[in-house]
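One chain, subunit A, appears in both complexes that follow, with subunit B as partner in the first and subunit C in the second.
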Partner chain A sequence: MEIKVCIGSACHLKGSYDVIKKFQACITKHQLEETIILKSSFCLGKCSDAVSVQIDSGEVISMEPDAVENFMENLKKKVI
Partner chain B sequence: MLSEYYMDVAHHSLNKYGEELCGDKVEIIKSDNRMIIVLADGLGSGVKANILATLTSKIMITMLEQGADIKETIDTITHTLPICNVRKIGYSTFTILEIDQDLNARIIEFDNPPVFILRNHKILTIDKIKLLSADKQVWISEFKLEVDDEITLCSDGVIHAGVGRLLNHGWEWQHVAEFLELQSTPSAEKLNRRLIETCKKLYDDRPGDDTTAVTVKVRNPQWLQVLTGPPELKIKDHETVSKFMSQTGKKIVCGGTAANIVSRELNREIITEIEYIDPLIPPTAKIKGIDLVTEGVLTLKMVLGKLKQINLNADEPIFNKKDGVSRLLKLLLEESTHIHFWVGRAINPAHQNPDFPKELSIKTNIIKDIVNELTHMGKLVTLEYTD
Partner chain C sequence: MRKYENQVQKIKSTVLIEVARLAFEGNLEAQLSTIPFKVNPGPEEQYRCCIFHERAITGDRVQMAIGGNPHIPGIVEVLESACDQCPVNRYAITETCRGCIAHRCLNNCPVDAIKIQSNKAVIDYGKCIECGRCKESCPYNAIADVMRPCRRECPTNAIKIDHRKKAVIDYDLCINCGACVYQCPFGAIQDKSEIIPVIESLKSNSNHLYAMVAPAFATQFDFVDLGKVISGIKKLGFRDVVEVALGADLVTKHEADELIKMKYHGKVLTSSCCPSFVEYIEKKFPELQTHISSTVSPMTATARLIKAIDPEAVVVFIGPCISKKKEKQKSTDTDYVLTFEELAALMDAHDIDLESLETAPLNNASYFGRKFAASGGVTLSISNYMAEQGVMDITPLACDGIEACDKALKLLKFNKLEADFIEGMACKGGCIKGPVTMHHGPKDLKALEAYSKKAIEDRTCDALRIFENIHISLE
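The block that comes next holds the complex of A and B.
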């Protein structure tokens, strides 16, 4: 599974850095390094809903740094 | 001037401690077939010296440009300069450097420290002919320049740097020459800044005299193409990208959407970095065949801020970090002589949201300002709208 975090201008201002750091921390915590590949991406086209995150080629969703932990918990249930 | 060669010129000054005006003055004229540089050092310091140096450099460069000979020019200066009430003389030392399109150089020196000419990092000694004009001893030398030669003109503030403080006799000509021989810099700007910054340190940040240096480096032109922003109309994407790619020189893409378009049009994968070198600076990306891919407006805004700051002082900027801003600055300042901006004015609808920071919608203005700052540094900058 691939998670893409947008690092375009708008998302950068809204906290891409924190979102990426949170994702990295969660992946390490849950030992998901083998299952999840975390990537960055330029503009995903949803600048008004920054920070944009895309799972594989799915829908682009809006993410806040504080929401990452919950999101990963849910994702983990689905993956495993 | 000189399509075959690029005359990279940089000059910087330190004012004598406590003075608002510099008593050294540099004038540069670049025309189609030649370049003239005059460095004048007015007697004394402050307002008086500034007036003497300004008159001297301005009169000289204007007359020489019009084709007047050197005797006539010196005569005019001697008869024009105001006489100082304290010293009863009107006086300004000067150095003139003329280079024509075939790299023939002529140097005319009057009482300034001898010019430093460097070829392959060694001082080149050129025979000088003495010319007497209005009881002034003027030295003239003529020679042919080669690519990568460097010439540094300076006022006596350079060779006296540190006198009576860190050094008993100041820096001295011979030591400055040895210092210059040890440097290996890609641009005149970098060498000149390094020299002036060293003087500033030797003076312990309190220059005892106005200190000025001008460096000329003969370079082969180095082109840099910068694509930023997609064209307004999507149908122009293909044409813009293929034109951009067919140009000579290094290529930079500034802007996420523009980068996505380049990647799509070239059918080459875009790989964005996930590791931040600096949390404040958006990460860069890679596309095969493009030398640097960065985010757009925020990176450019930071580049502009840095350029403005660099233009305000004479310190040598260091860009050894690997973030987008540092890498872009390094390419702009050290690895290019001619820079061409390809600007698209498509508007990202999401950036029009009133909640959005203002700076996101003003990219074209930022680029215009960047062009101004780079032109001020002596780069040949051109701008083209792709839509």
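The block that comes next holds the complex of A and C.
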């Protein structure tokens, strides 16, 4: 599975770095390094919301840094 | 509304817009020959001897807009039809000559090239060595230096004059700085354009087309909020707009590390950001080539960064520089290079009303990355980065313009340079004074400073931390 985090200007200003860091921490915590590849991406086309995140080629979702942990908990259930 | 600096710039833009418009419509090939009639409808001529001459010149400008002569190795070409055959001889006695009694011009001429005929000074051009002493000595300023602007501004003496008095470029000497393009008052020297392949890419609706905007952007489009221009670029069909200042941040770190190594070996490092400065060393000081930084330019660094994130990316650099067009030819990293003038033409041809657009942010790079666009910016950024790493004993030298670069390189050649690092910028003032910017003004430096201060990332390392897991070669 591939998680793409937008680092385009609009998302960067809203905290792409924090979102990436949170994802990295969660991946390490849940030992998902083999299952999940974390990538950066340029504009995903939803600049007006929070940081854009895309799982594989799915829908683009808006992610606040604080929401990453919950999101990953749910994702882990789906992945495993 | 956009204001043109002068008629030459307006004419060049008008042709670019017409060519771009037809290319967007898909009618370029069929209607190429109609452009001169549209640009110069006649029946009266505006600037030249007749309407036919004006149309011929427009035809030549169209050729440059669609890529120029592929057999000519340089980026800059003389438009023969437009070259006005300015005087070949440098000094001319004007009507102001009073026919005085002192004849200081005659007495100061070291080669006896001045005679007095009918009580007025006359120059014998067979003898004149263009030293200028006659001009300096005349109390009435009656002797004019009418050296051709193209020759006067060319830093490498690459412009010659052929038997028909037309300017000819010696590409073995030309460093593609574009000074002649900016200075020719007839617009007879122009840069080759890549607007056609860029328009074709835009029309392909690819989701992988990226615009890389040079930090000199801060001084452009002064009639509208820059955020609206970012929206305009996206509206053209670019997926995203990326700051080249971010590449400058990457370069800062890499070049600083390189500088420490060079200093350890007791060698001077010269910057590699300005391709004309690099070409100047290669052509005028080949023995100093080992001093040139092996770090890529901010343009290349940005291109590699984008392609590391999106391997299918096609990247278009947009800047104030003609020399970048040459730099691009030497590597495969950047796909196309546009100038600010060309960007404006694409937006006009696409009928994009910038005023009506929402503003979009452009903010990834650091304050220091953005400052690369002015002379002294590279030095400032590298010194600051090194100080943060605890390295303080660096003596950098920022050379503003080719003349200053030449002086420093001569000192380096004779081991008399008291510096560890030479920042070389071919354009006086730096990239913000580039030859193909839309306007050059006294507020350029202030505009760059204001734009730099808006950077959300204060330091180089702050801007780069988001890329710590992306590994790209910067050599």
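Here is the rule we go by: the second predicted complex is superposed on the first by the 80 of 80 C-alpha atoms of A that agree within 3 Å, B and C clash if a C-alpha of one lies under 4 Å from a C-alpha of the other, contacts with A are read in each partner's own complex, and residues count from 1 in each chain.
Heads up, the rule we're going with is that a residue touches a chain if its C-beta (ideal position, glycine included) is under 8 Å from a C-beta of that chain, and two chains touch if they have at least 3 such contacts.
All figures in this text were calculated on a predicted structure; none of them were measured in a lab.
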Check: Looking at the combined model built on subunit A, do subunit B and subunit C fit side by side or clash?
Finding: clash
Notebook entry, point to check: Does the superposition put A:40 against subunit B (first), subunit C (second), both, or neither?
Noted result: both
Notebook entry, point to check: Counting only touches as set out at the top, which of subunit B and subunit C does A:7 meet: first, second, both, neither?
Noted result: both
Check: Does the superposition put A:62 against subunit B (first), subunit C (second), both, or neither?
Finding: neither
Notebook entry, point to check: Thinking of the overlay built on chain A, is A:17 touched by subunit B (first), by subunit C (second), by both, or by neither?
Noted result: both
Margin query: If the shared chain A is used to align the two complexes, which stretch of subunit C, 38-46, 110-118 or 362-370, clashes with subunit B?
Written below: 362-370
Check: Is there a shared patch on subunit A that both subunit B and subunit C touch, and which residues make it up?
Finding: 7-10, 12-13, 16-17, 20, 38-43, 47
Notebook entry, point to check: Which bits of subunit A are touching subunit B when the two form their complex?
Noted result: 5, 7-10, 12-13, 16-17, 20, 38-43, 46-48
Margin query: Which stretch or stretches of subunit C touch subunit A in the complex?
Written below: 210, 230, 234, 239-243, 306, 309-310, 360-364, 456, 465-467, 469-470
Margin query: Which residues of subunit A touch subunit C once you look at their complex with the stated criterion?
Written below: 7-10, 12-13, 16-17, 20, 38-43, 47
Item checked: Residue numbers on subunit B that touch subunit A, as the complex places them -> 256-257, 259-260, 270, 272-274, 276, 279, 282-283, 285, 295-298, 348, 350-351, 353, 356-357, 360
